[in-house]
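In the two complexes that follow, chain A is the common piece, with chain B as its partner first and chain C second.
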Partner chain A sequence: MISTLKGIWTRYWGILILLAAWQFFVSINNINSIVAPSPQGVVLSLINNADYFAGEALRTTLTASGGLLLGLLLGIVIAALAWSTPTLSGLLMPMALLLRSIPIVAFVPIIVRIAGYGTHTVLIVTTVLSFFPCYVFALSGFQEVAQVRKDFCRSVGCKTVGWRFFRYVAMPTAVPNILTALRVLAPTALLVALVAEFLIGADGLGYVMLRARSDLEMDKSWAAALLASVLSVTFFALFSWFDKKYRSNWQA
Partner chain B sequence: MISNTSHAQTLRASAGEPEKAESASSTSPSEIALTNVSKTFALGKGQTLDAVSNVDLNIAGGEFIALIGASGCGKSTLLRMIAGLEDPSQGSITIAGQSPEDCIKRHKLGIAMQEHGLMPWLSAWNNVAMPFRLAGLPIDKKRVDELLALVELADFAQAMPKQLSGGMKQRVSIARALVLKPDVLILDEPFGALDAVTRRLMNNELQRIWSQQPTTTILVTHSVEEAVFLADRICLMSPRPGRLELIEEVELNRPRGLDTMHEPEFRQILAKLTTALDDVCTQGSRQ
Partner chain C sequence: MTVAADLLKWLVGISTLMVFWEIAGRQAWLGDGLPPLSGVFDYANEPRSTELLLRSAGITATNASYGFVIGSLIGTLIACSGQIWRPLKQGLDTLSTFVNAIPLIALGPLMIVTVGEQFTPMATAALAVFFAVLVATLGGFERVPNVHRDVTRAYGTTHWRALLLVQFPNALPSLIDGLKLGVSTAVLGAILGEWFGAPAGLGVLIVSSMQNFQINLLWSAAIIGTVMSGAAYFLLALLQARLLRRLGL
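Our next item is the complex of A and B:
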């Protein structure tokens, strides 16, 4: 027990000190919780509304991971098409760059106009913004097959453009790239989902933040923000673990 | 040339087990004919490079040829042309009377290169089975097991490439090259990255494997010793443009063992070829 506490202290003492300073600052200056809530207040708000927060967090998590996976799937399929048809890849790459360079705050209202308000629009936004990085990572993965491997394939009568080559060589070659895309994009997808909820007013943690703030319930708003960052770190840690676990089989 | 074929085949019959010898007689390995083969690379800006120039060579079915020469003299280029991976700029190459592409289509060609090129995400077994998958053939599981046993890696069938040593990976790569029962085996410095002791062991194994399978083999190597130990004939290439400078018959008895290397004939051929190689290389650098 003591050793666990000690472990937590040695790893996270920076965060703990920050929390203590925050609590100290808020109590000493007697700051109103509308301006800045104390850590105690935030934690209490989380505990008192545990069910509510859990539900909203789950919703955001599901939309974010759903959008990420849909974007990934779409990215892989379109990248496969682009791999087999170079003209298509020439067409798609500038489009990918263009769409990536539109800021999300400008992008969301456009999609809302087309798709309407609601969680499905959050899903669409997350999917679209995950799609292009996945597409770029996957396509460059497919194209990364080393010359020796291509030579070997040709020597057994397998053309380096067909389906068989794609399935047995190009596709597996792209796996580390796809893992990287997932690891990098997972926290981004969460952020995108939050921002979209916030901007659209669709249910989820992003909306909780928005509404609590307008109701001047700053403990709740901060609690939602805290939860969102915890989720984001968890996403990153989860996909990093996943990445590490599977990548090791790609090192020759 | 003709005497060479029978020479190689009698050796095989004596070295292999009875049933292997039988299979050896049922399929006859292919002879390879190179006629006036040249390769010129375009380097851009109107510059060209003659990598291989006017090579004439006839390789008998079942013969073991070693190709030696200075770095950059065109050995790999010549091999790649024989393997159908590159088209000659001039001249023609036939394998059993047909083009290398035909040979590939009939799955009668196996290659193993200096970089083993195994698929890191597949176990040794699946790597050896890969040619079946890529060729769209049903996987002959027995054949894969057989090949892994042949290169003495039966116990490592489920190991991933990263768990294998450099020599083991090369053996998997050679097993993979042989799994479709090729008539022609093309090896480009497969043991280049290995230490001298492992290399000698691998040479021994390669000789054993070759004596059990009816395969016309062309091996590129930087080691004259390796060439003399393994080959029926050794071709020496001169650099820029790559020509065949010298063809040397190695008339040492088979199977050759570690003690063969101490025989006076071995030493003699080794000395002769080493001198010739040095001459060719210094000529190249003087130009």
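Our next item is the complex of A and C:
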């Protein structure tokens, strides 16, 4: 019993201290729940509105993962095209690198302006912003084929360009990279979906945070924020697990 | 030679993008949302808008740089504390995984209560940088060769000296990588933080111009934000190259 408690403490002390600090901050300053809710208040709000939060969380999860998968697919297809035509990859590379340093939040409003207000825009935003990193990861994966394998292909009379080489050599080589892209981008996709919902006012956790705050329902706003964080951590953990599980099947 | 080739590739890539953008804007392929690039530049060049843009960019840059300094200091210190006092380490790893996955926007409601609307941009920027630097530094400590650690222990070196002479220098490249990532996230965090009721800044400009259909202003603000974080990234990359050469890595 004591050893399990100790195990939990050594592993999770950071999070426990954060929770304690939160509770302490609220009770020492005697803060009204309209300003900052206490941990119990937030948890209670989550439990009391479980159906409502589950619906909103599901919506955000679906748009975020849908956008991520669409962006991934698009990234892989374009990367495959760029792999077969070096001119295209030369043209796209500066853009992809440029996009890496772009503050993504600055571009969400622009995409909203172009695509309009609505849930479909959340999906488009997540797709567009997942696309470039996926493209970079996939392309570098396609290009990483070991010289030995190329030599082998040549010796058995298979060309090192074209569909067959791509299908049987380059694509399997890129799988670990694509798994990494998924793992790294999962929290980002969720963040982008939340930001878009927040700005557009489309249904989902991002909007709940905004609306509940303007209705002075702070416990609800914080509950949405907490739920979003938990969701994001789960996303990350899920894709890390997926990555770990399947990486070894593909690694050279 | 390769540098020149790379530069050429970049120039061609970027000018293609600009030309394409101009055509797409002129033909209104994406409707009103994508104005021609020349229109955006003309707009930004008007004295009134230039003044507004520069003032906002200055505020955001200040928020981002304060956030960058504070966040990277705290991130490095906390990562180091796990090296000095071992029992902290495991919990730190869990904490860093968790906080790294927390969406920054979820911290907005928390920040306006704890530090106030005025300082929220700085705080979100600091948090974003803190995450990036903490994760990178912890990763750097992971990569310290076990042999080095064994040597310091065999000679009975104190944790402090070992940190200073062995672990920290080994983690430095990774730390700088974290700083490089962090500098873009600082700008991102500052802009995002300004959405939560800050009085002025690029983030305020971006949201209000989105809501008021000021497309040219929206694009100019977004471009300035991008140039800002790109320039900061470039500066740190230069610093990194010099430092790594100096360290012989």
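Definition applied: the second predicted complex is superposed on the first by the 224 of 252 C-alpha atoms of A that agree within 3 Å, B and C clash if a C-alpha of one lies under 4 Å from a C-alpha of the other, contacts with A are read in each partner's own complex, and residues count from 1 in each chain.
Simple rule for what comes next: a residue touches a chain if its C-beta (ideal position, glycine included) is under 8 Å from a C-beta of that chain, and two chains touch if they have at least 3 such contacts.
A quick note: this is a predicted structure, and the numbers were derived from the prediction, not measured.
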Which of chain B and chain C A:I104 touches, first, second, both or neither: second
First (chain B), second (chain C), both or neither touched by A:L92: second
Which of chain B and chain C A:N249 touches, first, second, both or neither: first
Touching partner for A:S155 - first (chain B), second (chain C), both, neither: first
A:A225 touches, of chain B and chain C: first, second, both or neither? second
Contacts of A:T121 with chain B and chain C, given as first, second, both or neither: neither
Winner by number of chain A residues touched, once chain B and chain C are compared: C
Partner chain in contact with A:N49 - chain B first, chain C second, else both or neither: neither
Chain B versus chain C as contact partner of A:P172, first or second or both or neither: first
Residue ranges of chain A in contact with chain B within the complex: 146, 148-149, 151-158, 164-165, 168-169, 172, 175, 248-252
In the complex, chain A residues that touch chain C: 9-15, 25, 31, 35-36, 90-95, 98, 100-107, 109-110, 112-115, 187, 190-191, 194-195, 198-199, 206, 209, 213, 218, 221-222, 224-226, 228-229, 232-233, 235-236
Chain A-touching residues of chain C, taken from the complex the two chains share: 9-10, 12-14, 16-17, 30-34, 87-88, 90-92, 94-95, 97-98, 100-110, 113-114, 184, 187-188, 191-192, 195, 202-203, 206-207, 209-210, 213, 215, 218-219, 221-222, 225-226, 229-230, 233
Interface residues, chain B side, partner chain A - complex: 80, 83-85, 104-105, 107, 109-111, 113, 115-122, 130-131, 133-136, 160-162, 169, 176-177, 180, 186
